[in-house]
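After this come two complexes, each holding subunit A, first together with subunit B and then together with subunit C.
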Partner chain A sequence: MNTGVIELKSASRWYGNVVAVNDITMTIGPGVTGLLGPNGAGKTTVLHMMAGFLAPSQGEVTLDGRPTWRNPEIYRHLGLVTERENVHGFLTGWDFVLASARLHRLRDPEAAARRALHIVEMTEAANRRISTYSKGMRQRTRVAAALVHDPRVLLLDEPFNGMDPRQRLHMMELLHTMAREGRTILFSSHILEEVEQLSGTVQVIVAGRLAASGDYRRIRRLMTNRPHVFTIHSSDDRRLATALIRLESVSGVSLGQGGLQVQANDYGSFTRALTKTARQEQIRLRQVLPADESLESVFSYLVAANDGAALPNPVQPAPASRPTPSPQPVSGGAR
Partner chain B sequence: MRLNTTIMRITMRSMLSRKRALLLIPMPLLLIVLTVLCANSSSIATAEWVEVLIGDLGVAVVLPLTALIIGTSVLGSEIEDGTITHILAKPLPRSEIVLSKLVVAFVLTMVTAAVPLGITGAIAGSNSFAVALLVGCTVAALAYSAFFVALSLLTRRPLLVGLIYVLLWESTLSALFKGIRNLSIQQYAISITDRIDNSDLLISDLSVTVAVVMSVVFTVVGTLVASDRLRSFNLTGEAA
Partner chain C sequence: MPRGAGLPYRHPVPVITTQSLTKRYANGVTALKDLTVEVEPGIIGLVGANGAGKSTLIKLLLGLLTPTSGAIRVLGLDPVTQSAEVRARVGYMPEHDCLPSDISAAEFVTHMGRISGLPAAAARERASETLRHVGLYEERYRQIGGYSTGMKQRVKLAQALVHDPQLLLLDEPTNGLDPAGRQAMLSLIHRIGTEFGISVLVCSHLLGEIERICDSLVAIDGGRLLRSASLSSMTQHTDLLAVEVDEGEQTLFDALTARGLQVKQEDRVLLVRVTQEETYDLIRDVVADLDLSLHRLEQRRYRVADLFAPSTAAQEVSRV
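Presenting the complex of A and B:
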């Protein structure tokens, strides 16, 4: 039965001595799932294995129980938008999407192409050459080509790159709609806020390993155990420090040569209170830098926290023959 | 195995829109101009200039280099710029993709090399020589195309490997060692031309049976190898 379930079973991928993906076991079902991780973590490698464009060096990658590698039949149910802008610039948007419909041997390729272009709001510009499109327009045209055969599974690698805020919002709505229809949508991103806005389930990959998996909010709750650290430069750091320490969202302040270091318990309420306080004190903020915002540092905390924390339904990586021992991923619960 | 007209149309447009396509025009043009000049010159014997101009330049250089540029581009350049994923992410048999690309490579090589060589044949001697040359070069164009399309999937440097085959294997080594001619597509073109035309303007000691059989082998094996390689096509990830 075709339900659009992608499974990785102890899947690893290495290039020579470099392990890009290390013993990952995950199941992606209907709904929106974010594949999250810092740049170079192995997200693209995982997506390419899922899309049948990379053979796992070890383990299995399947779509509805059938291997994705060397199996072009999977593309009847799968749409792929790669990160690289791989589009023939001499074609018009219409030509490109229509060609996709024809290559899928759809019964009415023109109607399918029209529908797909309408979904991504590219109907008006469809007769222009792709070489004249902005990055966001190209991206939407590529999404249209991936949607033209109405796939059950859609894989998108960094789909919001180059899109303006309105286009992002529209794309997010589109992905939500498709998910509500029971489709499996997996998108990769290294931007936490994008994943947060799309909600759903996340799979977090750090250094080729599955570091966390499950409901985003529960993982996020774990992250808040660790205070957010900001480095601030202002017109009067000392006076600002005095004002900030009075805030409930601030747990610590230190003043050094590198500027003012603030530990905040809550990211959102602190950033709102900071601007308000600075305005009240008539202090000019010159620079506000989140000092530990990188996903890698947050995830390494999550992995370390996993040793002591009692977490629901932890994912159990397969014990057999791993290239290198990997820590257990944090699970944010069942989806 | 079937052909895919959508792939063929996109490939043809892609090939003609690339700057590399401009490289294909001067070579056959120069060949025809030189042939006209030699044909109108009384100081050189026809047999002499035909061997140098049509044999050593046309069949040994223009035809394989044209086939090399085209054959390695129809798939190779799409692999290079990533546009190949557009076609590969479709439920199409990989043999259908390869065959469609091969037909485009063959037609373009025919038009830009085999036909101009046929024209030089007509200028040089008789219609029979022109037809023989056209047939010989057409067969070779097909074998070269299949070989170079397969090369573009077997190595990351198909142009370099192809040049080594054309310049070192076919032109140098096959002149020194007779056995190597059995694996030289250039020799198949000359052998078939020599067999069809009796004017002895181009002579080969390779049997025509070997030439035809080996041309088929190059074409079939090239297509099968390319199809199999395309089935295992790897999109290199960030750690590549």
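Presenting the complex of A and C:
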């Protein structure tokens, strides 16, 4: 069953009285997943528990069913790119990646290092010292070192930090390619536009707890207490507004400079009815924009909803993997 | 968010001009080569790859470096010969962590105000006013060492603003901030640019941010000017209409193609070429007939990112 699945089962981690991660249950499978949360939410702690650097204070963290803590075997299948850059400037890229290959005791370390450097497109600069590299080149070299043993699971903590636009695009393509090969890629990031481009699947952590997991578009659909807002431009906004307000699924319309704003209670019925209504009225739809469907708005809703208040269960569109409601936070959880 | 021109600026226009500006370092590296650009007031994005020459340009603007050849003017002044005047009118927020940890923000910003030539009492008043503007209230009497990244970024911004400059140079102002912190910083920059009448040059790798707050953009690559234009001219509409349905994009793709439209599928988005006004109606009717959920109908725009990926996005758009 070696498929590269990471599982957290009611995992918590505290440092003294500070609860960094509070009873998180999640499953990360093949593909690209984004790990999101405000500063200090516990993202790095989660990544470090997954990578076996930290023991969970309570609960389980496993890779393909085996615990990651005190289990060096996992490093045959797992690679980690940390947030902090600890690379030795006096080494060349080649030396650095080769050393990583040797540490893994690969049968043919030279071939493995060559392959890894080729994947990240650093072959040409491999013989230069790392101190002469740009930020993006250093980052790619670190990815190569983490990839040298061809792991099924790759964890990356803020991999895009300090990269310029071209390097970002390149890194995104790289992660996409690896995900298509069936690897499990989990990365943390603050730049929501990027997460949106790279992956629809997210795990959102707020104040040490899992606030939501799954495809963010589906997470948005589950937030039924927030009406869906659409901005519409048509050949006759006023007449369309009159027709739309008659619909059961529409709770409000307003006309403004930006066009027609529609608030819909029921996403499914409204989006189905919109085209039919417009056709009936013979109105030409030029633009239909979901105004609060971006990952950014979903994220801010989640953070606002989970800030400080007693935490509800995470929003999870996936087949319910939480049979029972989570128990109350452990001591010190209410921060 | 970009706003129209015609707002009152308290300084001469253009804010920055360079004429064949070249900077060669002692080690033979040419950081800027024959750069000629004219920057109008407003919020200006400065973008470019790592090593493109952005930092060199900022140092030249501040008068910290001398050009090898060519000319540079900031607010009509020469930063080499009139460096004191330039620094009195320009505020600079560096990218790296540059704050002392053992004094309070109030003391530090007051000190920076005095360095810029404000009298003691005025510096103290301005410091407290500026810190309030950037959103630091009671915290400003605490030592900077205990601040979060977001608070430190605010202090860096406050020290750049304390002497009431006419031009602000911000180097990666959202670095290390989380989504809420980024949002707050961006709206702050936008306010400074629009309400205070201060021109702002923002250096950033995040093109999405540039698109959100800037009026114009200067892109440099390999020390040369790649593009200098207003943002609206760079994000014009294409003739492609992005259609997104909640489910059943394949069915829709087939139906639209059957009606003779040029359609290209890009993940869950269908890109339809609009040749005539009736195309809109056709799409509406096909979606209605198939009883699909219309999630999005939007004319594609060019994006600033296309500038950096000429081989993919921009060409694909024109190829469909």
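Everything that follows uses one rule, which is that the second predicted complex is superposed on the first by the 218 of 335 C-alpha atoms of A that agree within 3 Å, B and C clash if a C-alpha of one lies under 4 Å from a C-alpha of the other, contacts with A are read in each partner's own complex, and residues count from 1 in each chain.
Definition applied: a contact is a pair of C-beta atoms (placed from the backbone, for glycine too) under 8 Å apart; a residue touches a chain by one contact, two chains touch by 3 or more.
Since this is a predicted model, take the numbers as computed values, not measurements.
Asker: Touch check for A:Leu91: first (subunit B), second (subunit C), both, or neither?
Answerer: Only subunit B is touched by A:Leu91; subunit C is not.
Asker: Just to be sure I read the superposition right, which of the two partners does A:Leu103 touch: subunit B = first, subunit C = second, or both, or neither?
Answerer: Touch status of A:Leu103: first partner only.
Asker: Determine, under the contact definition given at the top, whether A:Ala111 touches first (subunit B), second (subunit C), both, or neither.
Answerer: A:Ala111 contacts neither subunit B nor subunit C.
Asker: Applying the document's definition of touch, where does A:Leu255 land relative to subunit B and subunit C: first, second, both, or neither?
Answerer: A:Leu255 contacts neither subunit B nor subunit C.
Asker: So, does A:Arg13 touch the first partner subunit B, the second partner subunit C, both, or neither?
Answerer: Touch status of A:Arg13: first partner only.
Asker: Contact-wise, after the overlay, does A:Lys135 reach subunit B, subunit C, both or neither (first, second, both, neither)?
Answerer: Second partner only.
Asker: What is the contact status of A:Gly268 with respect to subunit B (first) and subunit C (second): first, second, both, or neither?
Answerer: A:Gly268 contacts subunit C only, not subunit B.
Asker: Could you look at A:Tyr75 and tell me whether it touches subunit B, subunit C, both or neither (first, second, both, neither)?
Answerer: First partner only, subunit B.
Asker: Overlap of the subunit B and subunit C footprints on subunit A, residue-wise?
Answerer: 39
Asker: Quick check: in the complex, which residue numbers of subunit B touch subunit A?
Answerer: Counting only subunit B, the residues touching subunit A are 4, 6-7, 10, 13-14, 17, 81-94, 231-240.
Asker: Which of the residues in subunit A come into contact with subunit C in the complex?
Answerer: By the definition above, subunit A touches subunit C via 36-39, 134-136, 161-169, 190-193, 267-268, 271-272, 274-276, 278-279, 284-290, 293, 296, 299-300, 303.
Asker: How about subunit A: which of its residues touch subunit B in the complex?
Answerer: Subunit A residues touching subunit B: 13, 15, 18, 20, 39-40, 42-45, 48, 51, 53-55, 70, 72-76, 78-80, 82, 84-88, 90-91, 96, 99-100, 102-105, 145-146, 208.
Asker: Along subunit C, where are the residues that touch subunit A in the complex?
Answerer: 47-52, 148-150, 175-183, 205-208, 246, 277, 280-281, 283-285, 287-288, 291-299, 305, 308-309, 312
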